[in-house]
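Dropping the structures in below, format is structure tokens.
The two complexes that follow have chain A in common; it is paired with chain B in the first and with chain C in the second.
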Partner chain A sequence: MTAVRPASTPLQADVLPPPRRRSGRGERTARLLFVVPTAVYIAAYFGYPLVKNLLMSFQNYTTATFFTGEAPWVGFQNFSRAVHSNLFVPALGHTALFTAVSIVGQFIIGMALAVFFSRRFPLNKFLRGLLLLPWLLPSVASSAVWRSIFEQDNGILNRVLEGVGLIDEPIGWLTSTSWALTAVIIANVWAGIPFNATILYGGLQEISEDLYEAAALDGATGWRAFRHITLPLLRPVISVVLVLGVVYTVKTLDGILALTNGGPSNATQTIPVRAYQESFVNFSFGVGAAYNTFLILISLVFAVVYLRANRRAVDE
Partner chain B sequence: MKRTTVVSLALAAVLPLSLAACSSSSDTGKDGVVVLSELDYQVDEPSSSQMKAVLDGCATQVGVKIDRQTVPGAQLIPRVLQAAQSRTLPDLVRIDNPDVQQIAATGGLAPLGDYGITGEGTAKGILDASTYKGKLYGLQPQANTLGLFYNKTLLAQAGVGVPKTWDELATSAAAVSHDDVYGFATAAALGGEGWGFLPFMWSNGGDESDLNSPQVAGALSLFKDLEDSGAMSKSVVNWTQSDVTDQFTSGKAALMVGGSWNMGRLAESGVDWGVAELPVPKAGDTSISTFGGEAWTVPVTGDKTKQAKAADMVKCLTSDESEVQQAKSSVGQVPAKTAVAQQLAQEDPSLAPFVQAVADGRARTGKIGLAWPQAATTIYAGVQSVLTGQAEPADAMAKAAGS
Partner chain C sequence: MTLTATTRSRPAARRPRPRVRRTWISTVIGIVVLAVMLFPVYWLVNSSLQPFGSTLSGAVFPWHPDTTGYQRAISEQGRNLVTSLVIALLTVAVVLAAATPTAYALAQFRFRWTPAALLVVLITQMIPSIIIAGAAYTAYSGLHLLNTVPGLVLADASLGIPFAILVLYPAFTGIPKSIIEAARIDGAGLGRTFWSIVVPVSRNGIITAGLFSFLFAWGDFLFALTLTTNPSVRPVTLGIYNYLGTNVSSWSAVMATGVLASIPAIVLLLVAQKYIAAGAIGGAVK
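Moving on, here comes the complex of A and B:
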């Protein structure tokens, strides 16, 4: 007589896989083999340059080294030269200000655009596609256009501001030491908006409509719904966007070089610009590597912050 | 069945590509002719085709084939360094003259004297640039230089003549300036664009080995006064030489410090232009100018035959006939050999102002050699600090030197 099974418990043999007879070692090898290609790639293209950069920052690496292979060990001399340069503290300050204001600007505008585009209206998809343009344009090409926009005497920005009556005298966007950093930040915010908007938009799509409906029933709409539903649910996406944004913005080089080349009068010197100039203008590759090491440390701090913030979110 | 077909088709497609990548360029051509690899940065047309024609002409004479590679200007030195590290240096490299000593100091270039090349007849300044520790490492067939381009119409309207001294420059430029037209323009952007300051510095007795001297401060004061009087735009700190030429051709600058290579562009612009020597501090002073241009060098590749052939190529490229041919096929380039240049100036008077400047020209790396890149950074930063009001001429260089 067959036992009557309750409907909810399926027969053992139907569900569980047959017991494995192979040893765990074959499986372990298989797992390793899957990881090896990626590990090799990361070691070659991320690990090697990192290690090489660190080594270079302790060596006297000059143009001669490329020919003779000799790079004498000089300990912390390169770091000392970097720190004692009268441009080091200004460069640090400019990097911090540039990164902070860029991220804040990009994030706020990106979030606003993401929320705007999550509604339905004609040409939504087309406009969202166009939004990617600043990100896709090569920075040298867009910098050339920005240079003409920011031109003191004939640039369109000054003409518009003067025409509207906001300013009396033309602003020296790229020629005045007080405005150059602002100009570079404006250009960088414009370039970073697509990245923020796209990722935040993706995050917004994940939030179920039902939550907003339920909140509307309780009377929370618009700004309150944004604060209490959207933001908390977007937290993981926001942390990704912010950390990636910081790590990416901190090492911005081509935009600044093409717009001002670190000038005028070192007003837009940042750590990456210093690293480039030390390496490729002064041919002191060791000092350039020292500057790069500082940059890596800064990025590392933010990466650690991100990982810990994420872990806390997972635990919650 | 279907999957294996797809896989084998994919492999079949990839295999020829990998074979192509694996094939190495042969050292000798099909008929045993030596093939020399060459590197230069003439990427724009028409100068790229002109360079190729010149190279092929000499290649036929010397009996070799040239395998030419071009890279954008800023990438030449990194490319040379990469090639040095991977032991794949080209046989012939055309290096910008301020960089020659830097590369020679690494031991990667063969002294041209070993092949009997002395650079005889070439202007002294040009030879200085490519000389390191008493040995010649590169030779330029031609050079370009800076001059004072003037807009005849604008000057006539203001009723001023072409300035010859600094005082005349200040008054003429101020007199011409009105509305959005500036009397004087010169490039002062970072990155080597501001080398137009050097002739003013040198003509005043200033020197890159002592940047805190009053003579250097005097040259800085000239620029500052021009800006303060409204004769020069504040935007010069962001202008490259190309931007300055744009301002001149659109009639927004009456006088400009420009390179001799601009003559073709100016001829097409519709501006009634002329060119004169750069103004000197006082009447009767000598105008000391600088020069640009690239030198042909022979890297040490270890292949004696090829190095010897490359040296033969350098001899051919810097021969009198070749220098004349190159100067005639380009615009605003002056033969590096003084006698050849003077001969050419008689046939083509538009070159005359530049010929003397090149003959008397001073090499940027001539005095301080390998310390030039750092000094240049200081000089250009100092000029910018004065023009942006961050420092006074007297201590601008001292402040800029701390980086």
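Moving on, here comes the complex of A and C:
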């Protein structure tokens, strides 16, 4: 590569060797120093927890362990206890339902918003920015207001529904086992829409207007243009959004804890909630670690899917 | 795949400009859509100004604003807000101190293992925080880091460091090599080059990474919940959670605390929108 030498230092350029050849051991060490703190941190706060979790899942790790320092090896007993618990299958089912419905809801609404904001109109950028707010708010603050919205007697949702005539009696959004999961899903979809909308919008921006103009000349506009131009070209972005969405949604914990704490009567139990409760409420860290391992396996499957989708997107 | 927020290629012949009236209709629709989406935020503010009490007021607008909720919130949660602020600011410092040099090194030094390193960073983002919390709790209890600000800061950094690296990496790959070479020819060492030349040039990326680290740490709930066992160090997120309990005894106080906890996000979104938008696209899609 030809670098233009600054005119002010002609002598130095002749005297000093070009930087590339200065890679002595000192330089190499200095370079590594840029990375070492982060590497240490990642090993400590990501690597260690993964290993520790795996170990704990095979140990009887309880409050006693903190005093005696002993965590006897129990093989697969924690996994067995987790799987045979009468909450395991419901938790699994709720996790799947919660994730699936959330993803679909967030994606459809996010896509609609992304398409809408692709138009040019005044205040577009400002409104798009404000759209990020649900994603940026602290999750507990959102949960607090959803709690009040869903409140059975005075919550605004029931009052509106009754006022409009859609329901006769107030719905126990957070108190009835039939509705609690729906309520949690609604709150989660709301929080996830900005993420979807923003990424899909970014993808839409990459599609050249020429294609739409050419299609319009052939008579393909609106929905047909969307199906035959937008969707195929957006496929890599869509796959990223969906897979990332699944990975992040499956591990959702904050929102559910603050809104329903897994209740009422375990109606909103999910695998992460089980993991939290076993570890930090029952202090059976071993069983909690077993649940965590299930969570990792689920995330792993989707992570592999994501990497594959990513690589295919690069090739396309 | 990297989706950079570059402007799309414009065709030479532009589309005929739409009639002005048409576009204002879109703006109106946009405002309505935003109003629906942000209704819960409005409701949070509205509820915080309602008359103090244990029954939820259904009033749609604070006709007679009552600031008792805020008084309660500040007197009971004021300390927690300060705690959250301290933790969040320290987390930003830690994250930027670690991630900025690392992202720069990965972008410019051409290690053989850079792709692997980026993959590792990507994977760390997928690890559920509950797993980190579990190991951290067991380790902290022996190290006496429970209920400490440094303990929480280090844990919250896990939310920020991978994200920051993924945001800063493309910013650093985009630096023209000529700038760096010029500095090196003039005799600047690696550190000087980084500090005096590279950092100012990538100011925007660094600000974005910093803002998001702040928001992630400020809004963290799980580490606040799991890594504290007494009220001595209690971030405001945990304060709100305790307010919620099983039965809320004073809604306006809860909502007022919620509003106060939401102020950083709202302020940053209004004031620093361009950085937030850059981070939302940049950090998420990599």
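Here is the rule we use: the second predicted complex is superposed on the first by the 257 of 316 C-alpha atoms of A that agree within 3 Å, B and C clash if a C-alpha of one lies under 4 Å from a C-alpha of the other, contacts with A are read in each partner's own complex, and residues count from 1 in each chain.
Going forward, a contact is a pair of C-beta atoms (placed from the backbone, for glycine too) under 8 Å apart; a residue touches a chain by one contact, two chains touch by 3 or more.
If you're wondering where the values come from, they're calculated on a predicted model, not measured in any experiment.
When the two structures are aligned on the shared chain, A:Leu87 is found in touch with chain B, with no touch to chain C. Of the two partner chains placed by superposition, only chain B is touched by A:Thr260; chain C is not. By the document's definition of touching, both partners, chain B and chain C, reach A:Glu151. Of the two partner chains placed by the overlay, neither chain B nor chain C lies in contact with A:Leu297. Within the superposed three-chain model, A:Asp210 lies in touch with chain C and out of touch with chain B [touch as defined at top]. Residue contacts after overlaying the shared chain place A:Leu166 against neither chain B nor chain C. Touching more residues of chain A than its counterpart among chain B and chain C is C. In the superposed model, A:Asn282 lies in contact with chain B only, and not with chain C.
Applying the stated touch rule to the two superposed structures, the overlap between the chain B and chain C interfaces on chain A comprises residues 66, 147, 151, 153-154, 280.
Contacts from chain B toward chain A in the complex involve residues 74, 77-78, 81-82, 84-85, 102-103, 105-108, 180, 189-191, 233-238, 373-374, 377, 381, 384-385, 387-391, 399, 402-403.
Only residues 62-64, 66-69, 85-87, 147, 151-154, 172, 174-177, 260-267, 277, 280-283 of chain A touch chain B when the two sit together in their complex.
Of all the residues in chain C, the ones that touch chain A in their complex are 1, 3, 5, 7-11, 15, 18, 23-24, 26-27, 29-31, 33-34, 37-38, 40-41, 43-44, 47, 55-58, 60, 97-99, 101-102, 104-106, 109, 111, 117, 119-121, 123-124, 126-139, 141, 154-155, 157-158, 161-162, 165, 177-178, 181-182, 184-187, 189-191, 194, 215, 218-219, 221-222, 225-226, 236-237, 240-241, 243-244, 248, 251, 254-255, 257-259, 261-262, 265-266, 268-269, 273, 276-277, 280-281, 284-285. Residues 1, 3-6, 9, 12-13, 16, 18-19, 27, 30-31, 33-35, 37-39, 41-42, 45-46, 48-50, 52-53, 56, 61, 66, 113, 116-117, 119-124, 126-149, 151, 153-156, 159, 190, 193-195, 198-199, 202-203, 205-210, 213, 236-237, 240, 244, 247, 251, 253-254, 257-258, 272, 275-276, 279-280, 285, 288-289, 292, 295-296, 299, 303, 307, 310, 313-314 of chain A touch chain C in their complex.
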